[in-house]
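Sending over a structure as structure tokens; questions will come in a sec.
Chains: A, B, C and D, in written order; residue numbering restarts at 1 for each.
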Amino acid sequence: MTYLSNFESIIEKYKVIFFDAYGVLRNYNGLFPGIEKTFALLEAKQKEYYILTNDASRSPRQLASIYHQMGLPSISHHRIISSGMLAREYLDLKVHDGIVAYLGTSNSAHYIESSRLKTLPVSLIDESNIDLVNVLVFLDDEGFDWCRDLNKTVNLLRNRTIPVIVANADYAYPVNKNEVSIAIGGVASMIENILGREFINFGKPDSQLFMFAYDLVRKTSMATKNDILMVGDTLFTDILGGNKFGLDTVLVLSGNTLSADRDALIASTGIIPTYICESAVVG
Amino acid sequence: MTYLSNFESIIEKYKVIFFDAYGVLRNYNGLFPGIEKTFALLEAKQKEYYILTNDASRSPRQLASIYHQMGLPSISHHRIISSGMLAREYLDLKVHDGIVAYLGTSNSAHYIESSRLKTLPVSLIDESNIDLVNVLVFLDDEGFDWCRDLNKTVNLLRNRTIPVIVANADYAYPVNKNEVSIAIGGVASMIENILGREFINFGKPDSQLFMFAYDLVRKTSMATKNDILMVGDTLFTDILGGNKFGLDTVLVLSGNTLSADRDALIASTGIIPTYICESAVVG
Amino acid sequence: MTYLSNFESIIEKYKVIFFDAYGVLRNYNGLFPGIEKTFALLEAKQKEYYILTNDASRSPRQLASIYHQMGLPSISHHRIISSGMLAREYLDLKVHDGIVAYLGTSNSAHYIESSRLKTLPVSLIDESNIDLVNVLVFLDDEGFDWCRDLNKTVNLLRNRTIPVIVANADYAYPVNKNEVSIAIGGVASMIENILGREFINFGKPDSQLFMFAYDLVRKTSMATKNDILMVGDTLFTDILGGNKFGLDTVLVLSGNTLSADRDALIASTGIIPTYICESAVVG
Amino acid sequence: MTYLSNFESIIEKYKVIFFDAYGVLRNYNGLFPGIEKTFALLEAKQKEYYILTNDASRSPRQLASIYHQMGLPSISHHRIISSGMLAREYLDLKVHDGIVAYLGTSNSAHYIESSRLKTLPVSLIDESNIDLVNVLVFLDDEGFDWCRDLNKTVNLLRNRTIPVIVANADYAYPVNKNEVSIAIGGVASMIENILGREFINFGKPDSQLFMFAYDLVRKTSMATKNDILMVGDTLFTDILGGNKFGLDTVLVLSGNTLSADRDALIASTGIIPTYICESAVVG
């Protein structure tokens, strides 16, 4: 487990590759230099690929457009599976009318809006509309006043028995080399503790994101779980989730998991990747 | 939410019904009187149905045979989806050779055995074979000496970095009107705490059991999630898992959830069934 | 356990009474009508009494002055034991110089300031002084910008290995009949989860607040734990803490614990008060 | 924090030394060679000392006798403070009659017995005496049948609303160089999870063990917290508990905390000892 494998020779063995985004393809500085060669190789070898991301702040279309601007024109929005898509599917299936209260930017809410469901930021919930609120969604850590709106959220949930969705279960995300920001999943977990409740969490390591991607794979190919490789930089989300879903997994050392810590971390967590690679950049 | 619905009129609206077993179809006394009428109605109306159970102590074939003996001859083993099947799928996909150490009866181990994988109870692991152990599975609370073998398990996992599977995540199960038994999920959780690790847990409320059943549904019909109803007696497993997967759900009051507590429990957990019924017995 | 006792006849049996403040003596509306009769009785009977409060937002002197203004002139600041006093004792004993970074109002910080230790709100920590920060204290939920300063706190603690004190471990507090506010203990718990650390929490149910009060009792009397009664409205803080410390306890139903829920709550938590009374108001 | 101090020059600065036992004075092989010189020095310099141990399986008298047999005749039972003493004090103060049900050896139960309270192992609780059981104590991991008696314990606690004491909160203890045993605290924690309750836990890092020792110190000397040094091998119990109580602390590297891990562990937990020493052996 302690030796490094060559990423190019690994992907050779699989038909479909699932990539985590942050720490694998890019970081706060933009795309990793050379990552476009990886996608050129995948196209040349006719491998299928998907990007699985715990990001609910933008629609897949908007996420794809960011990749295009950064210099990866080949990444279609059809290949991006976000935890926001699971939130949207939940609303489509389970909430038939009324208001979706949310914490996040108005841009993040736009994606979950539908003809049947009106979205409203928690800040605009008042006595006139509180009885119409049928679900609450944690979408993004930006776009609201934390003190005012989190207190309002606690009281809303004490008064209305409604389902609550956390569209991104991550606790924090890196913003530059030395600093992180608290993610909406960390904020949601505080509200869970205060209320003594467990919300519905989407995103890796939960199986539903993998299932969503696997359903897409099966629409266009005969690939089975044996043919799919999950590539990620985080043991607790990408590797644990991939393993549990039955996929082979690669831990790359270009993001959250430092080379110096990896063996100790694998031993102490028992989360064991099939392979370890320096990065997802080929040749 | 506080009114009771008629079970017969509910199932009318769906093409496929998923049932929990314990507390819904049967309890420690055997089948609920009249439950055979429910299955007769399902057959008459040509509804599909599956039984989703957090039981890894027996194979689906053995579980079906118990239903036959109790007087439900129509329940085929093809209709039983157990968390043991997920454990087996995991082993098939992720463990290629060596020994599967297990805690449980030899009967429970029989089902996860394969031509590639040899099963061995933890009690028989010793210096001669410990290096061949590639996975450990918690299968059943019976069949081993708790004090000796749980201590042995802790030391095995301190020495070998291997994946650990919990094939039944329940903490306890009822054995008669007044008493429960500690389930293997409760025992596994103790070992997790001692080691500071999280194992791979299968079974409701995790989505994979629902996904496994949904894959079977789609092989034989055009049904979508909108056409499926989950029937269960426990908010934290059946209803939470069903809701999260996007299914409509019925809470029945014939098992874990007492009629007197249900409204308080729903309000405090925020786990909201689509319907509440006295039981799954029709007319 | 299900019958109500008469508060006056209970206090007759003890030499010293410990009171929780909020929900026992007062709520958001001010003092409970008639509570002054309880203190008149205590004075007449020459009972010792202390108020034990998880409040670190004000000094005991300021807290006493609030009681004076509300109409209880007899409550001396010597009789008020707050979790802020434990925070201050910790700083006196364990932190010898440098800066105490804090989250809270400047008023709450004033009390923990000393000739050796300078206090500075987290918002004013920057590159010029970060290396002088030797401890961080969570004091109050007001007085800072949650989003900006909690993110800053996370990064401060990732960069400096320093002790962290939570001067009030409560997760929420009532602000009127229908609403609560998130307390600084709830906010601190989010930061603990994000960092994977446990901070030093003071306040009930922890024994140190009881010990601090008991040390004061022993300075002026021969009373032992058998002679002390703890009066509180919350099972998880007042009653659990009092029981564990070896005191007899009274649960009053004038605050957090509703009369309708009390028996179910006692049975499910196993936290058993010696007595239950309607309130701490006598005759 | 990364440099090692000389233990002899540290103890020079304090009037009273608190020692953890296991990993500091001894391990599974017996006393650490040379530790008798430490105690000779303490006697010569007229330092007070106490041994604070999370051990409820034996009385202080029996624990002292083991030190005598191993070659430390000077350790009087008056100097040994065990978490079993806290359990006994709790029973003395809070349980006035009836039966103390226990899990442990009959030897461990002997110490908590009194003229008012009869002890009975859980295995002997039956319909004839269950209504007399007024408290349950987790004492030792030996002396009972885990499967039978832990299941019996769960059902006893579902039927009787009584306080539960855990006399040793440790999850595991070393039995030789490579192996640990599950401690009664680990077992108790499983039962807590199954029942959804929190028991009363005594022992480090809880403050009550330190308070008990500090009360003894103050009976015979004018020493304050500033004069006391806590010596331990475990960050989470000895050092966290000592720090929180306001004592200076020494982490010794002769037990649980390996020299190679110590800096990473201190940084990730934020539990910071005042000093670090190779061991508690002088000269």
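Everything that follows uses one rule, which is that a contact is a pair of C-beta atoms (placed from the backbone, for glycine too) under 8 Å apart; a residue touches a chain by one contact, two chains touch by 3 or more.
Worth saying up front: this structure is predicted, and the values here are computed from it rather than measured.
Undergrad: What's the farthest chain from chain C if centres are computed as the mean of the Cα atoms?
TA: So the farthest one, by centre of C-alpha atoms, is B.
Undergrad: Note whether the interface between chain A and chain B is symmetric in residue numbering, meaning over half of all numbers used appear on both sides, and answer same or different.
TA: same
Undergrad: Between chain A and chain B, what is the gap in Å from one C-alpha centre to the other?
TA: Using C-alpha averages as centres, the distance is 28 Å.
Undergrad: So how far apart, in whole Å, are chain B and chain C when each is placed at the average of its C-alpha atoms?
TA: That gives a centre separation of 44 Å.
Undergrad: Report the inter-centroid distance (CA atoms only) between chain B and chain D in whole Å.
TA: It comes to 40 Å between the two C-alpha centres.
Undergrad: Of all the residues in chain B, which ones touch at least 2 other chains?
TA: none
Undergrad: Where on chain D does chain B make contact in their complex?
TA: That would be residues 141, 145-147, 150-151, 154-155, 158-159, 171-172, 178-182, 186-187, 189-190, 193-194 of chain D.
Undergrad: Could you pull out which chain A residues touch chain B in their complex?
TA: Contact set of chain A toward chain B: 1, 89-90, 93-94, 157, 161-164, 195-200, 206-208, 211, 225-226, 240, 243-248, 266-270, 272.
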